[in-house]
Amino acid sequence: MISVTDLTRKFGAKAALSGVSFSVGAKEIYAYLGPNGAGKTTTIRILTSLTRRDGGMVRLNSFDIEKNPLEAKSQFGLVPQQTNLDSDLSVEENLLIHGLLHHMDRKTIRRKIEELLDYMELSDRRQSLIKTLSGGLKRRLLISRALLHSPRILFMDEPTVGLDPAIRRSIWGFIKKIRNDGATIFLTTHYIEEAEFLADHVAFLDAGKIVAEDSPANLVSGIGQWAVDYLDDNRLQTAFFNSREKAGSYVLNRANGCTVRRVNLEDAFIAMTGRKIS
Amino acid sequence: MNGWYPIFLREMLLFKRKLFKLGYLFSAMVVPVIYLITFGLGVGRSMPIEGTDYITFLIPGLVAMSSMTNSYTWVASALNLNRLYFKTFQVLVQAPINPFAIMIGEVLAGMTKGLFASILIITVGLLVAPQFHLSWLPALTLILNCFLFACLGVIVGMITKSHEDTSTYNNFLIMPMSFFSGTFFPVSRMPEFLQKLIAIFPLTHTNILIRKSAMDSQGLLALAVLIAYAIVFFFFGSRLIRKYSE
Amino acid sequence: MISASGLIKRYGPADNRCTVVDGVSFHLAPGTVFGLLGPNGAGKSTIIRMLTTLSRPDAGQCLIDGIDVAAQPMEIKKRIGVVPQENNLDRELSARENLMIYGMLHRVVHLPERISAALEVVSLWEKRDTVVSHFSGGMQRRLLIARALLTEPTVLFLDEPTIGLDPQIRRQLWDVIRKSRRAGRTVMLTTHYIEEAEALCDMIGIVVAGRMIALDSPENLRKIIGEYVIDFPDEYGNQIQIICRTREEAHEKARALPNGVTIRRSNLEDVFINLTGEKIE
Amino acid sequence: MTRGWTAVYLREILILKRRLAKLLPTWSVSPLLYLIAFGYAVGRHVEVGSHSYLEFLLPGLTAMASMTQAYAVASEINIARFYWHIFDEFQTAPISNLAYVMGEVLAGMTRAFLASLVILVLGACFGVVLFYGPMFWIALLLNSFVFASLAVGCAMHVKSHADQTLLTNFIITPMAFLGGTFFPLSHLPDWGQMLLGLLPLTHASHAVRAAAFQEPVQSIDFLVLIGAGGLCFLFAILSVNRAKA
């Protein structure tokens, strides 16, 4: 369980986060969605004790990250956005160091490594040096490492950025599997379809504030059922309608180049952040 | 051939930014000045060489050395980084200019940096060693030396496969050359068999020429060797740029 | 106009050569937007590098506007604009200095006016004297595009132009690409965002392991694999797709499945996954 | 409080092991050049006290190598921090600052010890073998402790890898040459000697040389090294929190 109250952070004069509060229940996948620079990474870095905060409170499974830092750190695993594995060490050695950092004994570490590499389908690569692994394999190893000390919370910062669709789908499969096995997952993303597919709850973050928070289905139905994309002055515009018939009659009144489709999370996002394409 | 100017200008704009960071001024100065104190004042204090006091012997050697390292290192590591990390070398290759123009622009930029660092050392030299003075022959040698090592910088910058490679060349080529080619002591103090090997280094000939006040037969030979090296390095470097393919 | 025939590129030492591009051919009419799709490491960037004179093909020929790339690289360099995948701006120079050096290298006339105009187009005029290393990823990408368009090239190459950008900026870049097409430019781009290819391209090429396994308009590609798709979750929550030729076939198959089934028109992503196979490395 | 230091140490040692083949030649190149150029060519006719210049130079080079290699952990930490982002892994782990600093300092000392051994072997190749008793090693270990601690502390304060190089250029390079390694301080004017007496390396090379020559080691040298080591270690521990963005 994660509970965050009134989090603030400034970089110089610029507020990166201004009063962010939310809570994530056990066994939930919570997606934190927003444009680059909205404060997603800052939030996840504060929650994982990597960055100072200026105000607010964070509790991970009821441990305050300031009052009980070491206990709070034992609660979570982190999958960072950029690979931070030791490229000169092997898969196994990277995991061993992580286990020792989390005070596990060598026997348990060995057992967990076996188990996790099997779980993440990496068993045949345990002796490989990190520099010989592809991007997708590294990402899976990062997830394995975060799970090694059996944390109850998993933080993932942009888990599929830069990966191609097939690999992205396999990572999504693993994320669902991990949740089904009992972990709470907090992830940031700017792939709308990722949040739509994975999350039980979504928060829209814009300029350091949460502008909307709900289940994907509720967020989408808030703006309508059907969307019409059309070109106006050579810009892509979208109009929303509650029924297909209304959308259809709107299309009839417009010139060429219209598409009718179901409303998705991306529409909700653009509607709520109010950010027009300039 | 007139595409060289934007290449040169680009390097100068980058150099200007570095220069104002002040850190550069010191790092171009710190090592030679430390050598000057350690070896000029500390180790060789009471050791006359070739009829002059040690520090007067040492300063031209330090000037030759820092003109070499500065013209070489900047070009080699900039080309290496631009090719492998920042990918900015692509921009030059994709521009409709002759490969020779890239060579000339980079070499001129390297020479400018080498000469700049040399002038700093010469200034220090004029302050601490009253017998040290400048004349046309050392000045000419200095320019030739900068040209030669800037060309070598291009070659190394083009053939290295990673940034660590650059430091390997530095360790096994530039460093030994700095120490054995007559910078700190005359080559005649080395064992016979090594002297022949040392005679291959271009810097050895720079050190001979830069300490001459008038031209003689030994000086002419040194000049011929330096010019030969310069021509070979220049054409080899240009060829590497022309053959560039990712 | 771009045409390539039988392009081959190999890397590595003689005893362990690996063919990265293996006989790729295509032909694009002027004013086409061509999208090259494929998994990471399929050879997309290498194809772009060969067409933009950066890399020499081991076999095959490329022509741009009828000029042979290998034989007359100088003529090609005058005609093309390139937006590389990785930012290759000089990070320590300002936006204006970057464009100035580039403009001088390409002998652009009336350079100051053209630089101002280019910076206006990508809304970076206010930031003209800021050093590039202080730019956000999106701003750097915009500057790369401004730089590529500075010479008004007849052919524009973009390698993964919107990777890592958020939806707003991505759409802004799409507008720039659409404008380029209307100006009669041929545009060739690589991407692994399917929706990007769908939104922009007249022609799609799918590259897998160095070979072009499909080359057609998005509409035709959809027809090839089947126009309807059934989506449903399996017991792990993974989304499974079944592709069907006709609507009737789709309804027929859907009836046999548990609930939570959606039937929809196929899209390019289905085409991609269907043709490349859902392999994980 | 020190739980977890073994993980930090083990990581550095595993990396060191894998790179050793590449590191050994780089460790030997510049000492070898100094030995040939100054020990052989210049110093052949020079004597310092009752010892040849080569004998004088060797303990100095050993102290210098132990300093530079202990300090080299700073750039390892920075590469891990700025390029590979591996430092995040330590910050999210439930370990104390003390445990982290201990692991890194010991890794630096190990590296310094190996580099010193390389110099002694090189010296033996030139026919110089001095007395390497316990005092000699204690002085070297203290020296590496001072500079490894200083390195960890500095690494936490710099903002980029370039800054780190600058710091090395300004602190370590001058000290390496001037801290009694190449020439006896008595060659310098009084104010110069006073100034250099403030550098820890001056005391280290003094103590190391005395031990190697089997002369009595002055306790002031040890006191200075212990004091400097304690301060640097404290500085390192207090600095770890600063590395948070």
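Letters A, B, C and D mark the chains as written, and numbering starts fresh at 1 in each.
The rule is short, and it goes like this: a contact is a pair of C-beta atoms (placed from the backbone, for glycine too) under 8 Å apart; a residue touches a chain by one contact, two chains touch by 3 or more.
Since this is a predicted model, take the numbers as computed values, not measurements.
Visitor: Going only between touching chains, how few steps reach chain D from chain C?
Guide: The least step count works out to 2.
Visitor: Using mean Cα positions as chain centres, tell me which chain lies farthest from chain D.
Guide: Chain centre farthest from chain D's centre: C.
Visitor: Between chain B and chain C, tell me the centre distance in angstrom, where each centre is the average of that chain's C-alpha atoms.
Guide: Each chain's C-alpha centroid was found; their separation is 44 Å.
Visitor: Based only on mean CA positions, could you tell me how far chain A sits from chain B in angstrom?
Guide: Measuring from centre to centre gives 52 Å for this pair.
Visitor: Nearest whole angstrom, what separates the Cα centre of chain A from the Cα centre of chain C?
Guide: 26
Visitor: Can you list the residues of chain B that touch 2 or more other chains?
Guide: Counting only residues that touch two or more other chains, chain B contributes none.
Visitor: State which pairs of chains touch, listing all of them.
Guide: Pairs flagged as touching, ordered by label: A-C, A-D, B-C, B-D.
Visitor: Applying the document's contact rule, which stretches of chain D touch chain A when the two form their complex?
Guide: Contacts found on chain D: 3-4, 6-8, 10-11, 14-15, 18-19, 84-86, 88-96, 244-245.
Visitor: Would you mind writing out the residues of chain A in touch with chain D in their complex?
Guide: Going through chain A, the ones touching chain D are 45, 48-52, 69-71, 73-74, 76, 78, 80, 82-89, 93, 96-103.
Visitor: Contact residues on chain C for chain A in the complex?
Guide: 38-41, 123, 136-138, 163-169, 171-172, 174-175, 178-179, 182, 192, 194, 199, 236-239, 269, 272-273, 276-281
Visitor: Inside the complex, what are the residues of chain B that reach chain D?
Guide: For chain B paired with chain D, touching residues are 23, 26-27, 30-31, 34-35, 37-39, 41-45, 47, 167, 171-172, 175-176, 179-180, 184-185, 189-190.
Visitor: For chain D, which residues count as touching chain B in their complex?
Guide: Touching chain B from chain D are residues 25-26, 29-30, 33-34, 36-38, 41-46, 166, 169-170, 173-174, 177-178, 182-183, 187-188.
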